[in-house]
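In the two assemblies presented below, subunit A is common to both, partnered first by subunit B and then by subunit C.
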Partner chain A sequence: MKVSRNFIISMFLLFPAAVLLIAFTFYPTVATLIDSFFSTPRGRRPAAFVGLGNFERMAADPVFHRAFFNNLIYAAVTIPVSMGLALAMALLVNSRIKGRGFVRLAYFTPTILPMIAVANIWMFFYAPDYGLIDQFLGLFGLGGTNWLGQSGTALWALIAITIWKLAGFFMIFYLAALQQIPPSLLEAATLEGANYLQRLRRVVLPLLMPTTLFILINAVIEAFRLVDHVIALTRGGPNNSTQLLLHYIYQVAFNFWDTAYAAALSVVLLSILALIALIQFGFLDKRIHYR
Partner chain B sequence: MPILTIRGLNKFWDTAHVVRDLELETREGEFIALLGPSGCGKSTTLRLIAGLEEASSGEILLDGRDIAALPSAKRGISMVFQSYALFPHLTVGENITFGLSVRGESRKVQAEKLARVAPLLGLQALLDRRPSQLSGGQQQRVALGRALIAESPICLLDEPLSNLDASLRAEMRNEIRSLQRRLGITMIFVTHDQTEAMSMADRVALLREGRIEQFDTPEMLYSRPASTFVARFIGAPAMNVIEAAVFDACGMNVPRSSLVGLRPEDLYPVERGLPGRVVQIEYFGADSILSVDLGVTQCAVRLQGRPSTEIGTTLHLGWDADAFHLFDAETGLRQDITVPQPKWTELQPA
Partner chain C sequence: MSANRPSNATQISVTLFAWCLALLWVLPLLFAIWTAIHPPVYVGSFDLFAPLTLENFVRVWNAAPFDRYFLNTFILVTFVVISQFVICTLAAYAFAVFPFRGSQWLFMVVLVQLMVMPEVLLVRNYATISKMGLIDTIPAIALPYLASAFGIFLFRQAFKSVPKELDEAARMEGAGPLKVLWRVYVPLSRSTYLAYGLVMVAYHWNNFLWPLVVTNSATTRPITVGLQVFSTVEQGIDWPTVTAATLLSVAPLLVAFLIFQRQFVQSFMRSGIR
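Showing the complex of A and B:
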């Protein structure tokens, strides 16, 4: 068989990217899947095939249940709220207001900051008694709340940080999409008698749908991926009230060194994300008008 | 009875005065063209009528009521945008009934009106398509359909044909005109193309720097231009505007404070008339355009077919008395004074 010159060159050009992808994405994925069916190797005892043992253990693990449930709440609140805020902010800074450039920058600032820095800023906000929030509430005699230290408020405190951080990031996408809508479309809608809300619902939102899908996928990934602030602020506590899936995986793998169980947890997380992505593309994509 | 009356309309963009004391009156069922070079304020005028821009001062009366302060949706005016402004996510049918739908008309009424409008524009087979699946001409029809279905007394069109290719443009020109006649609606359309304005409109408002230079029928615009600007804008090639002194050469005594306007198609060779040297000949098939050097200036002459004259020869030009226009050299405005014309017939060979 004669191999063409083009084929050799194309293989050669694909090689560096392929090596990186295989070494750091595909191989670890497959290895994780395989590891999840084995026990964790210890000292003199090598890994043994345990079948679905790790998954059975997971089904009975109360911390996993807690992390899973927390993550659902975390995703169910941060995704819609941050996207809704992002759209509202984008509509605001896309209109003719004074100091538009300053407001845009202000909204985008949280995105530029590293999550660890953000977490440290918010730690001062949330600190009991002398923190910003408690000092403000103290004016009304409501101080003395340890926002991050009690199970009732800790998860919500983290949710607030995530929304604050993500909304500005998503706003940029909405803003870019809004500026792609030809003004004449909105003028035509106005002339036809559509008020602001009708223009928003019937013209702007449908035209933003491709962007919304893109942001939604990103938001879902972020909801399961972003745990920097958990590590910096609560480490999953108190009493696992801020335990999220990825943080639990991190703890199991690197604090408890139970790598096989961590692999099984990773497989579950991956499956959840894959399922959500499939649903999003399968259902929403058909309903979206792409220009 | 006038359906739309505009009085003292002004529009400033910061310090730029883009529409100046505009006065316009249209009768019901008229087809009006706003014509002018780019930047003359014609599109702004249309947007002021539609309410997409706020007038700095002036009155806009529709059927006797002042609409200048009303929001655009309440004015009872429909509009076809230059880019058509079709909603890309809606079907053709939904695009046309968009206005009825947001105004809360029932689905039954929407369907009835759509069934009436679609055949007018030949859109019956396309109602379920999306704008991206349509040709330029079809998109234009959908935009027209959306404007017509509201049955507003006035329909505005902003450069309606500028996005179409030449052959389609001629077709849509006839179609829009016949539709307007059949439905008896008043249409005001903006164009920078004099052929469109001349061939479609009942009356043409020629704008210059925010002012109406002349508002008249195409015939009057052509045969009695109100100023040198109109004279030079209408007609291709434009009317020759020549200094008075040139006419000494044929023994005419034209007042020095005047300019003379002569259309290229009104000039013809005579044995002894205004002499000039032919410097260029452009042959177009049915006619030819000659550039003739008159000494201080050049003028264009349109002759039938291919002329026997050659470049470099001297040509004597003559014209009929009613083809001779006079303008004030200072203001450029038309002067209605008569200058005794030479008798070319005596000079022509028997």
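Showing the complex of A and C:
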């Protein structure tokens, strides 16, 4: 077979990226899979093959169950709420309201703040007695709540922070898509007597579908990737009520140094992401047909 | 949308709603600023006539090596963005302009990284970095992010929209592949570079988990990790200090954002259009 000129040039151009992608994405993915079937090497004792041992342990581990369940709640709430808010924000900022520039700025600002700083800001916001929320509730005699310190409220407190941080980020994508809708389409709908809600449902929302999918994928990734605020505020506590998958992996690997078990936990996270990728693939196909 | 305009009452209530949401959105930030510019005795009180002070910021600046943290972050972000530009440009050029049998398939493999991000693989990547003897160095923080599938994807899109005639004209004049890339493709994709660059500056300025794992001294810690180390020591006791430290750490990016607001917002918009 003749090797084409394009192939040779491509190999040179792709070389640096290929080395880095193999070293820090593909090799570690495969290595994590393999590690999950071995025990953690300790001292002079090397890693031994334990089959599904790590996974059996996981099945019986209440903390893992808690982390998995928490992460599902966390994703199931943060994703739709932040996306819904993002759409509302984009529609508001795209309409003719006074002070549009300031409003857009206000919605977008949390996006450029580091999550760790956001966590600190909200830690004070939530603080019992001193915090703004508690002071406000104090007016009605409801003060003294430690929002981050009780297992009933801590996860919800983190969910609120995530929504605050991400809604403005997702708004930007909706805004970009809204600005690309040809005004003639909306005018045509108006001429046919469609009111605002009808135009929204029949014209705007269908045209926003590809953007919604794009944001959805991003939102799902963020729901499993972003744990900075857990580290800063609760470290998974109290009683593992804010334990999320990636945070548990971090704790098992870097606090307990149990790398094999951390690998097995990572396999679960990787499987979730792979599943999402497959679903996305199916949707993407439809989207191409649609266009 | 001149016909069928919403009534005045709806218009006003929509504006009011937008403004309330905006105020709610900036409230945590304003509350933090309010606390940071007042003396510690005034924590939690809203005395409009409380004396203003920058004392908290001075105390914070002297209590931790924030200048070093800023320098580390600056070096890290510069290194990451420049390397990403080079590495992703070359790869995207190959995918966009020199297709070969199987290059479509290879491109799909690269896109796997959009899902499997370095954070998810941190246990194994820590082992790799440690074997390379790079623990607690700035390159260690950067390495897993240098070949970005997102960057390759964006640049490939940009290169594909460059008119073929310009490429051919340059080649007629005897320019080699790299020269064509540098003279034709890169200049015509300037706005994509700006967009990707700004998004990446924000991403890596704010990145936390991986830097936390691979650094353990003040000489390499970026600002996010430095802030975390600082605010856990004080844990919830001295609020003005914590809020001042937080605001100090976000100040450079926040100020840059306020000045270049339009470019930032448009960059984020562009990066999402697929």
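Heads up, the rule we're going with is that the second predicted complex is superposed on the first by the 274 of 291 C-alpha atoms of A that agree within 3 Å, B and C clash if a C-alpha of one lies under 4 Å from a C-alpha of the other, contacts with A are read in each partner's own complex, and residues count from 1 in each chain.
Keep this in mind: a contact is a pair of C-beta atoms (placed from the backbone, for glycine too) under 8 Å apart; a residue touches a chain by one contact, two chains touch by 3 or more.
Note that the structure is predicted; figures quoted are calculated from it, not measured.
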| said: Looking at A:57 after the superposition, I want to know if it touches subunit B, subunit C, both of them or none. Which is it: first, second, both, neither? | reply: neither
| message | So in the superposed three-chain picture, is A:225 touching just subunit B, just subunit C, both, or none of them (first/second/both/neither)? | response | second
| field | First, second, both or neither for A:184, with subunit B first and subunit C second | value | first
| task | Classify the contacts of A:202 with the two partner chains as first (subunit B alone), second (subunit C alone), both, or neither. | result | first
| query | Given the touch rule stated above, what does A:192 touch, subunit B (first), subunit C (second), both, or neither? | reply | first
| Does the superposition put A:65 against subunit B (first), subunit C (second), both, or neither? | neither
| note | Counting residues of subunit A touched by each of subunit B and subunit C, the higher count belongs to C
| query | Just which bits of subunit A does subunit B share with subunit C as contact spots? | reply | 187, 190-191, 195
| message | Quick check on the complex: what are the subunit A residues that touch subunit C? | response | 4, 6-7, 9-10, 13-14, 16-21, 23-29, 31-32, 35, 88-89, 92-93, 95-99, 102-117, 120-125, 127, 129-132, 135, 164, 168-169, 172-173, 175-177, 180, 183, 186-187, 190-191, 195-196, 210-211, 214, 221, 224-225, 227-228, 231-232, 246, 249-250, 253-254, 259, 262-263, 266, 269-270, 273-274, 276-277
| request: Mind listing the subunit A positions that touch subunit B in their complex? | output: 182, 184-185, 187-195, 198, 202-203, 206-207, 209, 289, 291
| Interfacial residue positions of subunit B with respect to subunit A in the complex | 50-52, 71-73, 77-79, 81-83, 85, 87-89, 98-99, 102-103, 130, 132, 146, 150
| What does subunit C use to touch subunit A in their complex? | 1, 3-4, 6, 11, 14-15, 17-19, 21-23, 25-29, 31-32, 35, 43-44, 86-88, 90-91, 93-95, 98-101, 103, 106, 110, 112-113, 115-128, 143-144, 146-147, 149, 152, 177, 202, 205-209, 212-213, 223-224, 227-228, 231, 236, 239, 242-243, 245-246, 249-250, 253-254, 257-258, 261, 264-265, 268-270, 272-274
